[in-house]
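Consider the two complexes below, in which chain A is the common component and chain B and chain C are the respective partners.
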Partner chain A sequence: MTAAVGAPTVPRTFELRLVSVIARKVIREASRDRWFWLYCAGFAALAGAITVTAVPDQNLIGSGGFGRTAASLVALVQLVVPLMALTLGARYLAGERDSGTLVFLLCHPVSRTEVLLGTYVGLAGSMFAAVTTGFGAAGLFSALRSAPTDPVLLVSLAALSWLLSLAMLGIGLLISSTVRSASTALGMALFVWLSVVFLGDLGVMGTVVATRLPVSALFATVMVNPVEAFRLASVVALDGSLDALGPAGTYAVDRFGDGIANIALGVMAAWTVSAVGAAVLAFRRGDQT
Partner chain B sequence: MGGGAPRSLLYAAVVAVGLIATMAGPVVAAPGEVSLQDVIDAADPGDIVTLTAGTYDGGITIDKPLTLVGEGWPVIDGGGEGSVVTVVAPDVTIRGVVIANSGNRLDRENSGITSDLSPRLRIIDNRFQNVLFGMFLRHAHGAEIRDNEIGGMDLFIARRGDGIRIWQTTDAVVEGNHVANGRDSVFWFADRVTVRNNHVEDGRYGLHFMYSDDAFVEGNVLENNSVGAFLMYSTDLTMTGNVFRSNRGPSGYGLGLKDVDGLTASGNRFVENRVGLYADNSPSKVDLYHHLESNVFAFNNIGVLLGSTVARNVFTGNAFIDNSVQVASDSTGGLLDNEWSYEGVGNHWSDFAGFDADSDGIGDIAYQIDNLFTDLIERYPEMAFFSGTPAAQAVDMASKTFPSLRPEPILTDDSPLIRIPAFPPAPMTTEATSGLVVLVASLGLLLAALVVMAGGRFRFSDRIVLGGTT
Partner chain C sequence: MIRVEHLTKAYRRKVVVDDLSFSVGGGEAVALWGPNGAGKTTVIRCLLGLVGYEGLIEVGGLDVSTHSKSTRGLIGYVPQELGFYGDLTVAETLALSCDLRGLARSRIGEVIEAVSLEAESGKRVAELSGGMRQRLGMAVALLPDPPVLLLDEPTSSLDVTARRRMVSLLDSLRGPERVLVITSHRVEEVGMLVDRVLALDAGRLVHECPPGELTGRLNLESWLHVVLPSSQTAGALAHLTAAGYDAHENGHGVLVGVSPEDKVSALGCLREGDFEIMDFEVWR
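So, the complex of A and B:
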């Protein structure tokens, strides 16, 4: 049964249509996945709660105050979105493998590249839905409470969050395509999450204290982290500058000016492309199934 | 004066003006016929010169007490050179005029209106457009600057001039002006100046006081400048009911104080600034205390930043709401020489984690700032780069959990207020975005989510059945 009857032996060309078919399958499965709905609901509930609790008393401060809400949303995204995307990516292929559906899928006339890219696109679509649900809920709560809200900022933060999730999803899929079991993949994803959200920054902080790291090196080291790239791009969207972030922020403004946001976007894009590329290569080796 | 104009033309002008003057009392000037300078030269001291709508050549000098009144917004156009109007006489009033296009020489201080030895100069309800300096007044005791609209030149901020600059002028009143895109609004040696209900935005220093004593600053809105107001080397200043909002930049402060003695600050709002209030060597006199009472510090990166040697500031009845750092010192060492409660009334702190068992509105335990991450920033300023990250919060959580990591508190408020004290309403400044736009944007985001999720379920006719899905 393993060798499909009449399967073509000549290598087919890569078919975008198949990627889209698999992507739709992945989205369909995500919409049946309890974990995915839990993530969506949790993120939307937290984002909504932030807009409700962070709304300032207009009589007290005159007007404005969305900056505070937005900063809280950014902090929430830093924690939650990498966790969602990493675990979603890491669980998916490894889970399919554990349940045997991956072997079944690969029996069909689809290439491994198409399967992996399709999976990635499908998960990216699911993350898009999760992120827009969260920010949509936050905006909806603000609008219903007629709290000060900057709709442009809201949408740009949603877009940045999705970009962050794309990078994290790529890393998640890379884990998924190199590791044999779903539980190992999940464990690794959690470790990566801990590293990008906490350990990386704490390490740089420690280095600053121990060696008085020059600000240029500090900026470069921090910028490598996609979560930090997301944060700095958000700070630029929020404040227009990194001025409030001390000497390293002033250095970055002085050195890169308006280019900081582009650097941050570039970092997230580089992580996405290299992680997905590495995942494709690892998955094509195909000795895990 | 009047030199250069052909004598016959001047006679004609004088006769014409004289005729009108004898008939109607005030002088009426219309553009084109006679130059505005000739009309001014021909007018008698104390005359009212009415300018009808149209454009007049600038570069004029007023050397006698006169009232210039515009009807239908006449324009005095400097043609991009020098100052537009120069006043060198007492009791001059300029009202209802558009003053446009000065030169852009910063070293010559090209201005919309420049004046010297001009006591009781009144500049009321004018519009300044594309001028380097808006107005530059010297020795204009008792000047009145009211309800003007001042827009600067579209230049790099250090190349711009000041919206309002006052030099060696006592008892001036600056009220109800709107200054945008200037550099600073500066008051040098301007004792007893009253600055009230002005709106200064998108400049460098919204208000800048140098050696100006007994000033009264009330109800101004200073937003989106580098610094809302910086007061230096001045004594006995009263600041009430001002709004300092979104004054940011690498050295952005809502209100900055340097060597100020005798400050009373109450009812001010410090919102979304990089630093709400910054004080350096204020008060400088050892027997003087500053009372900062009933102010709101909200959503700033740092609510209050004090120089490490600053002492004798008394904070009472203020509300510190969700500043990333509520209060900090600009170097290591505490702020214990300042007082954070006065006669049993402390301040409201949004991060106060105590309780009020006897329900008297005063927390039963003291509020302290002993934040490890803030302490680290004071020691290693580079650490500020991590403000607001989950890692920074982890550092603080660690210090709360393990008291051995906890730094010495930089301040203690023995009587923290449980509730936010009542404040009079703040002047509303930036108009809120329409809720409808926000609603549409949010529904758009939710719709996008639905579309993507539904995309997976959509049945295409050429769909290949894979993985057993039906």
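So, the complex of A and C:
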């Protein structure tokens, strides 16, 4: 090995092949990450427990009884899935930067856009596995107890949960692209989780009381939150009444009718695209070492 | 092959590379020499396009600021602090690097052999010693058989034996079509490996010269630690001081300030005074 043998070919600007290589690496790493398995096991255990504890009541409300289990699963997803996705996304690139492996990746002929998108796709695949595990556990326990089950509804809720996780992963990666250490990224992710899951509700209620917002503005404020958009889409999937969501729900039914589910899906998609786009821009701009 | 013009890099408001210009032609080996904080690693990271900068950098005729992905295809890089995925084995790490470069995996065996890691190819990276990780870093850099090799303090974490092996390996990598850029703060190592030294201080180029001229230009001083019988230490100190040497008592002997080219004369002075030299070593 005494001399270079010709110059390597000049790579194209953007290569899907590299996104795929990095995504596979991320999935392999996630499969070896104890935190990921802890999240999966916790989510599956809670989903299974909800199914088991909801079963006795179902006899009282007949074949429609799965609705109660499903509603409980929606409440669980609202808490657990954003936490999983936000922390997974936020820890990832910042963790790579901490450990020096980001330099290992970036000293290869790969663009930062390919690294970020590959990471996103890999984490999205991992979240798909986690959500499938949770809802799979729910379905399994339901079947074992011979309880009424609605497979279509279960799959619909799993798909909505995954969509929610895609938006949250994007926000997590945006955090990861802008801070320098994994611990700071984790702290910010927890703050965002608290904001969208708890403070969002309380903030909206407080704002309504303090400012006497018109109901249309209240609806818009609620819908800005991707977790609320997930809840709304889930309630529609459950074929339930949006009145349960209060004045905003009533307004949504009156104003948008059946189109409300599309709006909710659009909100989650918009969060996903804008968060991932912002993460790409932040990651490309920063000094990544 | 490499052209750098008016390169300036600042982190926040601290300038770490200041208006640096140099070029390296095909077949040349160049050292970026300087103390810690001189800006050597930052220059390497700019060459790789890992950080933003002001000025112009071209590698293989391509502007790094606009074609960093393409220029990295021409570069093999060994970082000072090696960050590998600890769960991957040596072979898996090289396979990942092959995939990222779009190379056939048939190269893996060849580079593993080149850096003598055959016995460790199935070991997890987390289980490797510092020297083995350094060799793995070399293997990753050599995979594409690149025309440009950037080596950031390639021997910094190695013991004496491993350092000698690495120097020998680096020497074997020189060739008419390959450019080597090595950062180092070891004068003697630089002398063995390169044709030209770019001496940096606080981010500025202070000297550009052949390695043999570096010590003279920088007025570098070495310290010769001579171990003597304790009964002779005071006499040897007085003898050296009388002969004009900057000598101090140190542990089991004396410490003598010498120029790098003139270490032997201090030993000769002690021999002429009939002092028993039990051992000696050079400190820089």
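Things to note:
The definition used in the following text is that the second predicted complex is superposed on the first by the 262 of 289 C-alpha atoms of A that agree within 3 Å, B and C clash if a C-alpha of one lies under 4 Å from a C-alpha of the other, contacts with A are read in each partner's own complex, and residues count from 1 in each chain.
By our rule, a residue touches a chain if its C-beta (ideal position, glycine included) is under 8 Å from a C-beta of that chain, and two chains touch if they have at least 3 such contacts.
From a predicted model like this one, the values you see are computed outputs, not experimental measurements.
Of the two partner chains placed by superposition, only chain B is touched by A:Arg231; chain C is not. Taking chain A as the reference, the larger set of touched residues comes from B, when chain B and chain C are compared.
In the superposed model, A:Ser99 makes contact with chain C only, not with chain B. Look at A:Phe128: by the touch rule set out above, it reaches chain B but stays clear of chain C.
Residue contacts after overlaying the shared chain place A:Val222 against chain B, while chain C stays out of touching range.
Applying the stated contact rule after C-alpha superposition, one finds that A:Lys25 touches each of chain B and chain C.
By the touch criterion defined above, A:Gly257 lies against neither chain B nor chain C after alignment on the C-alpha atoms of chain A.
When the two structures are aligned on the shared chain, A:Arg68 is found in touch with chain B, with no touch to chain C.
Once the two complexes are overlaid on the shared chain, A:Val110 sits against chain B and chain C alike. In the superposition on chain A, contact of A:Thr13 is made with chain C only, not with chain B.
When the two complexes are laid over each other on chain A, chain A has residues 17-18, 21-22, 25, 101, 104-105, 108, 110 in contact with both chain B and chain C. The part of chain C that touches chain A in the complex is made up of residues 11, 45, 48, 50-52, 60, 62, 67-70, 72-75, 77, 79, 81-85, 87, 96-97, 99-102, 110, 114, 140, 142, 144-147, 172-178.
By the touch criterion stated above, chain A contacts chain B in their complex at residues 17-18, 21-28, 30-31, 54, 56-65, 67-68, 71, 74-75, 78-79, 101, 104-105, 108, 110, 122, 125-126, 128-130, 132-133, 135-140, 142-143, 146, 148-151, 154-155, 158, 197-198, 200-202, 204-205, 208-209, 212-213, 215, 218-219, 222, 228, 231, 239-241, 243-250, 253. Of all residues in chain A, only 1-5, 7-11, 13, 17-18, 21-22, 25, 29, 32, 99-111, 287-289 touch chain C in the complex they form. On the side of chain B, the complex with chain A involves touching residues 221, 243, 245-246, 248-250, 252, 269, 271-272, 274, 296, 298-299, 301, 319, 321-322, 376-377, 380-392, 394-395, 420, 423, 425-433, 435-446, 448-450, 452-453, 455-458, 462-464, 466-469.
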